[in-house]
Every structure is written in C-alpha cells, then in structure tokens.
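Input: one structure, supplied below.
Read from first to last, the chains carry the letters A, B, C, D, E and F; within each, the first residue is number 1.
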Amino acid sequence: MKSLYEKFTWPEIKAADKDRVVILPVGAMEDHGPHLPLDTDNLIVSRLAEAVVASIPAESLLLPTIPFGFNEHHKDFPGVIFIQPETLMNFVVDVARSLAHHGFRRILILNGHGSNHPVLDLAARKTVIATGCLCVSASYWNLMSETLQAERHSRTGGMAHAGELETSMYLYLDPRHVQLDKAREAIVHDENNRYLCLDLAGGAKAMAMQWWSAQTDDGTMGDPTVADADRGKIFFDAAVRETVGLVKEIRQIQLKRRKDHH
Amino acid sequence: MKSLYEKFTWPEIKAADKDRVVILPVGAMEDHGPHLPLDTDNLIVSRLAEAVVASIPAESLLLPTIPFGFNEHHKDFPGVIFIQPETLMNFVVDVARSLAHHGFRRILILNGHGSNHPVLDLAARKTVIATGCLCVSASYWNLMSETLQAERHSRTGGMAHAGELETSMYLYLDPRHVQLDKAREAIVHDENNRYLCLDLAGGAKAMAMQWWSAQTDDGTMGDPTVADADRGKIFFDAAVRETVGLVKEIRQIQLKRRKDHH
Amino acid sequence: MKSLYEKFTWPEIKAADKDRVVILPVGAMEDHGPHLPLDTDNLIVSRLAEAVVASIPAESLLLPTIPFGFNEHHKDFPGVIFIQPETLMNFVVDVARSLAHHGFRRILILNGHGSNHPVLDLAARKTVIATGCLCVSASYWNLMSETLQAERHSRTGGMAHAGELETSMYLYLDPRHVQLDKAREAIVHDENNRYLCLDLAGGAKAMAMQWWSAQTDDGTMGDPTVADADRGKIFFDAAVRETVGLVKEIRQIQLKRRKDHH
Amino acid sequence: MKSLYEKFTWPEIKAADKDRVVILPVGAMEDHGPHLPLDTDNLIVSRLAEAVVASIPAESLLLPTIPFGFNEHHKDFPGVIFIQPETLMNFVVDVARSLAHHGFRRILILNGHGSNHPVLDLAARKTVIATGCLCVSASYWNLMSETLQAERHSRTGGMAHAGELETSMYLYLDPRHVQLDKAREAIVHDENNRYLCLDLAGGAKAMAMQWWSAQTDDGTMGDPTVADADRGKIFFDAAVRETVGLVKEIRQIQLKRRKDHH
Amino acid sequence: MKSLYEKFTWPEIKAADKDRVVILPVGAMEDHGPHLPLDTDNLIVSRLAEAVVASIPAESLLLPTIPFGFNEHHKDFPGVIFIQPETLMNFVVDVARSLAHHGFRRILILNGHGSNHPVLDLAARKTVIATGCLCVSASYWNLMSETLQAERHSRTGGMAHAGELETSMYLYLDPRHVQLDKAREAIVHDENNRYLCLDLAGGAKAMAMQWWSAQTDDGTMGDPTVADADRGKIFFDAAVRETVGLVKEIRQIQLKRRKDHH
Amino acid sequence: MKSLYEKFTWPEIKAADKDRVVILPVGAMEDHGPHLPLDTDNLIVSRLAEAVVASIPAESLLLPTIPFGFNEHHKDFPGVIFIQPETLMNFVVDVARSLAHHGFRRILILNGHGSNHPVLDLAARKTVIATGCLCVSASYWNLMSETLQAERHSRTGGMAHAGELETSMYLYLDPRHVQLDKAREAIVHDENNRYLCLDLAGGAKAMAMQWWSAQTDDGTMGDPTVADADRGKIFFDAAVRETVGLVKEIRQIQLKRRKDHH
C-alpha cells in the first residue's frame, strides 16, 4: 500500500482515506559538534517517519521533510541554515492548510529539532483555528522519555544536542558519516538548577535558550563519547514505537463540531 | 524598596540595578465557565507576580500585566478577546527588547494562560537572538507540578481550565466574584490517552488543541466542584515560592559572550 | 451595575446590552521628566475611564488599559517601553474586532498618549471596515480643549508633555509619586510658528515630531512648575465630563447599513 | 531653477541643496458624487504642490503624486481604488527614507484625501525614527481653516467631501470635467453633535468614520450647489499661500542631534 | 470616447464596458546615467500607455502611472527612490483587486522598469488567485524584441539601461531634457556569456542582478552614444503597436470558470 | 570529494572553498495529470541537481530540495500543497542569506516548477541586496531551450505541464511511477496568440496565468502521449549539461565592490 504522499497522482489523493494521519517531518541544518554532519536532525526525523508509515501504511501518509528549521541562535557556527520563525511557521501552516483543503482531517507535525518546538506547536494551533481539522505537533524525544531515562548511560545534560541520543542514533542509521574520534564530552548542565534544563529526556520547568556559542565551545551539548550503535537502535525503535502509538491515538480521537454560544 | 517598574522616573530607571529580574506577566480575557469571570488568568498571574516582587524586591522589578492573550479557539464563547499570535508575540518582544535597550539583562515572561505558552516561548527566544540578554519564559503551573499532584483532589483532567486549580485560587484571591453554585464537573480527559492530555499538572507528550466549543459545553474543562479557598491558598503560595525560586535561579546564571567560529 | 468587562462571566457578556459603549483605554510607559513616574499616561487614562463608567454604568463597559504605546522616538530616555506602531495597531484592532464578534456595536478607543493618536485613529478605521461596527477614537485632551485654554496658567507650549496638565492631574490623582522639587520649566515652543505646535490644548496645523532627546534635555516639554492639585481636579473633572458627553453622543448615533452601488 | 525632482539627473541631485524641502503629494482615486471625477483629490493636491514649488523653487523640490490612497470604506461606490493602509504607509515611508538616504533633511508629505491623514502622520513619524531627518505631514485643508471659515457659503457639514470646497476648486482648475447639473446638496452633519464632525474646516474632537455608503446616497457629503470657480480660486490661492508658509517654517527649524541618556 | 479612468465619475465607471482592458503603468525613479533624467522609465511607459489608449479608446482604460519601483540595488546613486518589493507588489495588487471588485475582468500591468518585472509578474498571479479575473503583466521591451533586434545600431549589451533604446526614445519624446553631450558608451556585457545577459532585447537564460554600482561607473549600461530621435520614434511606435496587439489579444481570451475536482 | 552540503560537519564547512557554487533546488507538490505523481517537479529538479554536482563536485555544493512551491492556482486539484509566495520567498531568502553569512559568495537557486519563477527571481535579487553575494536564479527549461526545440515531437503547447518534457523525463528517471495508459493529449495553446504562451520551450512575451482548472480538465497541459524514456534521457542530459555550463559561468564572474556615489 502506497504511503508516500508524493508518489500519488491527484486522482489517487482524491480517492484516499481522509482519516489516514498525514505526517509532516520538520528538521534542521545545523552544527552538531565536530563529529556529526549538519543533517543530524533531518536524518533522524526522516528515517523515523519512514519507519512509522512502513509499519502502519494504511493508517498514515508521509510528506517530504522540511529540511531547514529555526536556529538563528546557532549561527555563530559555520553551516547553519536559519529560517526566521514566522517564515517557518507560515510555511508549515501552508502545508497543513493545503492538506485540510483536500479533506484530510488528522495531521501530525513531527519535529526533529529542539527550537522548532514552539514554532510547530503554534503552527498546529493556527491550522486548527483556520481549518477545524485535528492538527497535532510532537517532538519525538518527548514521546519516548521513559526509554531515554531507562537506557541512557550519561547523566542529566548528556543528551541535549549532538550528545548520547543523537550520536547513538546516527551511528545506527548511517555510521559512515560519524567521526566519533572527534567527539568529546561537553555537559554544561548545572546540577543545582531546579527549573532550567536542556536535556532531551525532560526536566525543564521553564525555558531559557541563550546564544549557542555562549554555552558550548564546539557545538556539542551532552556526552557523545558514551554513544554506540546498539543503543542507537534501542532509541530509534522506541521512537518508532511511540510515534506509531501517537498516530493510533490521533486516529481514535472523535472529531466533534464547534458550537457557537452567541 | 520600589519594585513596580511603572512608578520609577526615568532617572531612577537609569540608576537601577540592571541585574534585577524584570517580570512581564501575560494573561488573557476569556470564558472560564459560568462560575468564574473573564479575568481569571489575569487575576492569578498579576497577584502572583505582585507577591513575588513583594517578597524579593531588591532582586526583581514588575511590569504591568498584558491583559489579552492568544485564544482564538475560544471565540465561540461570548466575551473572549483574542489577539493574533504573531501580534501578541511582537508585542511581547517589543517590551522585552525595550528592557534590553535600557540595559536590563535578565527578563522573565510569566505566563498565566495555556495557549500563550508557545507564543511566549518564541518571544523569549526572539528576544535573546535580537539582544543577547537572558530572556526566560515560564507558565506558572509548570513550576509547581509537584504541589499540584500532591494537593489535588480531582483526578487527571480535573485542572485543565476553570477547574480545581483556577477556581480554588480565585476563591482565595477574590471570592466575591466566584459563582460557585453555577460550577459543574466537566472532565473530558480520556484515560486511555498515553500522549495527549490538557491537565495543567502535566502528562502531555504531544500537543493537540481543538476548538474549545467542540470539547466543552460551558467553557469548563476540569472539576471546579472540588475547589475551595484553603486549597487555593496552598496552590497560590506554592506558585509564589516556585516563581521566587525561578527568579533566583535566573539571577545566578553566569552570562557569557557569544563567540564567532567563522 | 457591573461595568468592568473583565468581571463578567461569559453568560453575563452574552446577556449584556450590546449598545453599551465599550471603552478601551490605551496609555504608554515613558519618561515624564524627573518629576513624574513612567506610568503618567496610564494612570490618567485609566482613572479617567474608571470615572466615566462609574458615572454612566448602564451605558458603558470598561476594558483593562493597554499599558504600552508607540513612542520609539523617546527611547533615548531610560525606561521607555516602545511598541512598534503596526504591532500596537494590530493589537488594538484585535481587541476591537473581538468585541464586534460578540455583538458589541459601539466602541471607544480612549487615548492617553500623544503619539498613539494616529495609530488608534487607524485602528478605529480598520475596525469599522472589518466589522461594520461603530468604532471611535479620541485623545482625551482634544475633548476638553476649552477647559484647557480657560484654566491654564502656562502659555502655549506649557502643556505638551509632563507639563502643567499632566503634572496637575498626577498631583490630584496620586501626589505621593510626584517629585515636584525636581520639576523645571521647559517650554520649547517657538512663538513664531504658525503651523507647528505640540501643546495639548491645540493649535497645530501640521504634524512634526522629531526625536524627543533632540528637543528636550530632561524629557519635559512644558511647564510643570505651575502645576497644582486643585487645577488637576478641574482638568480631570472636565476630562470625565467631556468623555461622558462623547460616550452619550456615540450612543445616539443611528447605525445605518451599507449599500452596494455596483 | 528646476524644481521637479524627476527631471534631475543623478549628478544634479547629488549637487542639489539638501535643505530644500522635498514635497510628496498623496491623493486618492474615489467617488466624488455624480458631479466630480474620481481624480478630484489628485488634481487638487497636484496642482497645489506645483504652484507651491513654482513660487519658491529654490526652497523646494516636487515629487510625483501618489495617485491612490486609503479609502476601503468607499468601496461600495464603483471606481474606488483602495490601498490597504499598511501598504500605503510602507510605500510612503520607502519614498521618504530614500530621500533621507540621499541626504535630504526636510520632507513634507502633503495630503489631499481625508482618510490618508493618520496613515501619513504615522509615515512621517516612522521616517523620523528610521532616519533622523525632519519629516512633516499635513492635510492642506487644515493649513487654511481660517480662509475656509471666512469664505464659505455653506454651513457646517457643507464641505466634507465633494462639497463646496472641492467642487469650487475643481471648477477653478478644470471646469470642463465638472458636471455641476448633477450636483445636489447632501449635508449629513448633525448640528447637535459636540464631538463628531467631518467638515474639512475643522470642529471634530473625536474621530468616527463609518462606511461611506451608510452615510450618503450618491457619494457626496456637503453642499456642491453653492460652489463656484471664483471661490475656488480664493480657496486654491489660500492653500498655496499657507503651504508656502509651512514650507518656509520647515526650512527655519533648527535641526538638533539626539542625545542618549543611558 | 473617454479612456482616462481618473476622469470618470463613479456612475460613469458603473456604466462602463467591463471588458475594456484596464492598463496600469508602473515605472521607477532612478539614475539613468549623466544624460537622462530620473524619470526615464516613467516618461516612456506613461507616454506609451497614453498612445495605446488613444489608438483604441473603446477597448481600453488608463490608470495613472505608479511612479516609483523596485530598485534598491541602485541606491548608491543619488536620487533613486526605492520601494521594497513586497510593498510595491501589495500596492499593485490592491489596485488590481479594486478593479476586479468593480467588475473589470481584464487588466494589463504594463512595466517600464527592469527590476519591477518579477514583482509585477507575481502581482498579476496574486490578483488572479484572489479575484479570478484575467490579469496580465508585461514589460514593454519584451513585446517588441523583433524591432529591437532589427533596428538597433549597438551590439548586445548596448541597450540595457540608459543605453540606445531609452536614450533614443527620450530624445524623441522630450529632447529638451536629454544632455547627450554627457553620454558615454558603457557596454559591460561579456560576450562569452551563454546564460547571463542584461540586454533588453533578450538573450538571458538565467537571472543575475548585482549591485548597480559594482557594474557601472556612471549608472549607464549600454551605448547611448548611438541614440537618435528618429530611431526613438521607430522604437516608440513599435512599442505602441505591440502593446495594442497585446491588449487586443487579452480582449479575445475566452474567460472560463474554475472547476473544483474534490 | 563531498558535494552534499548536509553531510559536512561545521568545521568542514568552515574549511570549504567559498567560491564553490551552492545550489538550492526548489520544486513543488502538485497535480501532473492522471499519469504522473505529485512529485514530478521535485524528482526532476533533485535528480538534475545531483547529477550536476556529481559531475563538477569541486565547483559546487548541493542543498536539499525545498519540496513545496507556489501554486495556489492549482488548488482545485486534490493533493496540491500550496505555499504563499511571500512565505516561499522569505524561506528561500533565509536559506541564501544563511549561506552568505557563512561566507559563500556564489549561489544558484535552481527552479523546477513554473510559477516559482518570479518568486525565486525576487528571492535572488533580495539576497543580493541584503548580502552583496552573487545569487542567480534559473528555471532549468530556460537553460535548454535549443534542445527542447530541436528534440521535441509535440507542437507548441505540447510541453507546458505534465506534457512531453516532464513525462519523458519521469519515464527515464522513475518509470515505475508513470501510468502512461492514463495520459491523454491536452494542448490548449491558441496558435493565433502572438504574446501569450505557456510552452516551456519559450515564446511568451507577456505573462498570463489563469486558474489551472479553468484551462485544463485533468491537470495536463501539453501532450504526454508522445513521451518516451529515450527522449527523456536526451532532455535530462541536456539539462545537466546546460546547468553545469551555468555553474561554470557563475564561477567565472568577477565580483566587484559597490561604490557609494553620494
């Protein structure tokens, strides 16, 4: 069963089940330390989304990944492609509104890059307001926090950016492009912090994002030295499993009509 | 010691300690069931912020509350004043950039209304990028999740909107304006959900916000019937305590310079 | 009778008389010389609006004041919070459009700060075009020009900014926060001018607004040294009386339908 | 001496005296009753500006007229070309900023159409903030209010739109295009009004602009039946005289530098 | 028969044939070497459009020229008035949408300045999407490429800007303002180029526009020294003839309805 | 030698030759008749760009394709993802400005979809103005017009959209996804037209783009029935050859500095 949206003809889209959940992955192009390529977020979120639709093709449909994200605070590092947040938001909303225009009712914006999170949250809300469809946004690491805590080898702060999580998954997905010999530990988390935290496994109660180059010397935030491909597989499989779970939950929601109380 | 920003003259602002954390509360004007007034979010976040600066005046400064928020999905209920998210974001960024222009280095955007959360998160990030100052955003309920879980009487879903939490605090802060006889239980949380949840005590792994009138009959989402003023005081005091903690944490962060790696 | 909009529940707004004039005050946070606090415009316009609805509660409804305005040309003075004019305009239009969405037909945007004037004029026009309701904008000093001319002690240029008018009213409304010992005369009006004038009592035939710090040394433009609380009461009472008159005039206007001539 | 900006070559602009006041006329294309063409505002403001620079060529420079304005509230009448206010404002600011970029220090935005007034006021303020040059905005009728009151034959409300003033001037400037036989009196001013008034000779203390087609049957607001070419000449000559006066006043203003008080 | 739109009254526009092609000329104000005035593009496109409607008045209608264009890359030369491209696009779309609002079905945006081309192309497309009318954009030199190649005396690159074509036409239309003694040859075209070319007679396969002052010393790109008034007449007459041809082709197109395939 | 930008680490980008031409392909997701998938433009432009950098890796660098374009006029056909033109333009400019920020001096925006053309033309111009780098835009079919004319089997109008050209190339690149049995001839070109034409091989002298569903019944415009894979290879190879030629021409251009003539 075809699940890549782009390979449909228009009469095939017309005939498609409009309750399939359409997944739009959004990544980024940015520094990931000296050991990972610029496409780390794109690679992970794209492979994840492909695995999800491969496992439940009848329930989902996959769009191409938007390969650039919101990360101007990284621009002191060469290579970063930084999209203004309003532009990224409008771009995503245009995609989602197009889907609703064609009758799709359930959309998942799947995020692979930290700072995209509020942009995509807003994009989902704006889509709902504009179209009435169900539009959900999710960052994959939030879906799998139990696995992250259960399987991690690094302490808090070890999987913030280019650290244990991303390096392990890249080693599993495309080891040829990882230069592990250049990786070094760079945990900057202050253990006395009660509210602020950038670890992907959770723990932040408030949001503080400073300029990246003021926080890290080589673009790494976390501990890539403990990464390995086996743990990468464990993490990746959990991401797939939880995203499949979310897609199924989205499918189950009963869509109700608005009621005007005026 | 003066801690209300608006009561300073300009020479007094010039002389002020620029490491005081300037707090900008942001609320909303919207339906809160038949039992609470439209200003519920404004009342709570304003009183909270006032209590915070009253307890640590030398370390903080308070701006007036922005009394309208992002909530177009509520507009089927009479009375809602809905600001477009870009407009609210720009407004908040203008305030924060003004503060940075005058040399303030530490800003806290304190949120009192759910859907403002991603708007203010983005506003904080944009301020950092534009000015280099430290700009933090926080929703007060996230700061106090342990207390919410420890003290609540309602089950999950009982404190989403106009429910146990907000009704209790309003009863504590301004009981004259609560019409508790009109309150009714309206928990719409699906206990089978693993990813989606609107309870303010946490639990959501993904974000799905539908039109409000499609989810609730009278604007309530939660259980106001278990609310009381004593628990309102417990909640409110915890909010003050945790926000004070966050302000102190913001004061402690060492501010470092950007480094250009080109 | 309740006249504070924010204290209504949504069913109460639903039941409210939609011909009550909803008043939205807009102020500013900016330098007012060394003798007045940053909130001068907010204090005056808020107290004025409260007095208006207190005197004709059945005919009006009051929204909270928007406490920041358009005043980037003041930003050389510490403390100024400057909102971009498009952002302020959009913010105000969103508020007014929300009111029209709920069926209110008569809106008064009440201005307390000079440079907001064209922003709010445009916001009112845009609201009319978007909704068809009657949306009026007014700067309070224009409503009371006869009283200003009759009661003033200073010559032309004496009541432009932080001068006789504002200082007198602040002395009447909140004398504890006035540092009159620091006030000094600063009339910069050129008596040879036939077209350009910044005095609030009128006289300008064209609009020229330069950078504030190029025109005044300490943020004052006018003569605060002649101010006193008694005259402040006279001015304030006139402002209330004339604004009540305007509200009543707005109530009387017969609303007619558009006719398409195509 | 050349005073049409457009006929200069770039080396001639480079050599020009940068204290000459550059005049940018802004008009509109809209219904002016059944008796006047759509270009009424353009014709008057263009001829006026040409006469001004002809009389003081060494002190001024003239740009081409922007022939479309802000008047969406007129669009129920065929022929109206309506520009969104933000677009018109940005357009005018771009022109004025270009002038400042080339070193011109004194700019007059000369308005020929009522609803453009707040747009051009804001455009002038934004230009000052962006460039530091002196940018003035003026609506020609405000400059000549004494003459309007002294010479008018109609009562208040008689010269609001396509009435005594505009019809008289069109009769003087281009009688061939006036169909005076189709003109009829259409004074809609309520004499009981104390605050609201649309007469061009002044009197308004607050701004209320409803949809045009809700206020007038044929697009006229005022009394064109009393118009004649002789009075048109009187009015036009006064407009020229007063605009020349304003240009000279603009030339006299001493330009001072900003001072940063931080 | 009247063909100047601006001289119609609104009832006359109401009665007009809505299949007349409404022409909106768009020019620019910019450096054209030391020999031509800043208004070169405006003069040519305005006279061209006037000649077109004079020859087929019953089939066309003419709006006033928009006298400023998109040319920020020229701003190193004194005198250039540069409009931001989004602002120009929105301005033109507002004009075209107004026409469609009044029932006109066929619009021609006629361009007289190179860099306006993509702006007006987009404006035409946006107008079609917004209104469903037929909106065409054209740059006059593209319509007459055969004549340009047949009649030119200069080699490729000789008629890019202020060169043979524009100088000849200005000599024909308004010789008094041409300072031919200051003109000099300035062909910068690289004959080895296969893809990039700025000659107005065509030949470019890709678009590369650098900063103007990096490409030419005096603002000229082309060869004005071979220009003469007779060839100007030949060029101008061809432009009129071809534009008339285009207007007639636009008149002939059968307008069909959209069909929704969902 | 690595030529995929995304596989560089940030230190590798830092070390890269900044005169390599960075290629940004832009496609679209839209109806291409009943015989081709929605990704036709993306497939062709992506494969083309990959082949270009594979043949001259040391002279170029490839970014990921932006897979959605400007095509709202297609939205009557299911499946179309339509991005607003301003959003697409801003997105592309952000990418290009990022490259310039990192020191890249030569950028090629390579277009695979018709209506993107003016958007990308403008994006390239805006990038030049903002950064001073050389930014070129090109639609691949314009680069290869001689081959198109030499090799085509269909008459004019036969290769406008989903016609001979695109179908042939898709048959060559990915025959499995072509449903050639569903293709039918749909040439809508009017042979009497002198100015208007949508054939990709050229011929248009003016731009007219109506709603797609008003012009074609099944989304095809052209003749796919004459397509075959061998001609697809001829076309594709020509596209690669000409794009390589353009990249080399871009490399040869001598970059000069701006000069301020004020």
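Quick notes
In this text, contacts are C-beta pairs under 8 Å (C-beta built on N, C-alpha and C of every residue); 3 or more make two chains touch, one makes a residue touch a chain.
All of these numbers come straight from a predicted model, not from anything done at the bench.
The minimum number of touch steps linking subunit A to subunit D comes to 2. Looking at subunit A and subunit F, the chains in contact with each of them are B, E.
The chains that touch both subunit A and subunit C are B, E. With centres set at the average Cα position, the gap from subunit C to subunit E is 47 Å. With centres defined as mean CA coordinates, subunit B is found 26 Å away from subunit A. Residues of subunit E in contact with at least two other chains: 10, 14, 77-78, 102-103, 261-262. Listed by label, the pairs of touching chains are A-B, A-C, A-E, A-F, B-C, B-D, B-F, C-D, C-E, D-E, D-F, E-F.
Only residues 10, 14, 102-103 of subunit B touch subunit D when the two sit together in their complex.
Partner subunit F is touched in their complex by these residues of subunit B: 261-262.
Across the interface of their complex, subunit D is touched by residues 5-11, 13-14, 29, 31-39, 42, 63-64, 66-68, 75, 77-84, 87-88, 90-91, 94-95, 98-99, 101-103, 177, 179, 182, 219 of subunit E. The part of subunit F that touches subunit E in the complex is made up of residues 70, 72-73, 76-78, 85-86, 115, 117-119, 121-122, 124-126, 128-129, 132, 134-138, 142-143, 145, 192-196, 205-211, 213-215, 217, 242, 245-246, 249-250, 252-253, 255-262.
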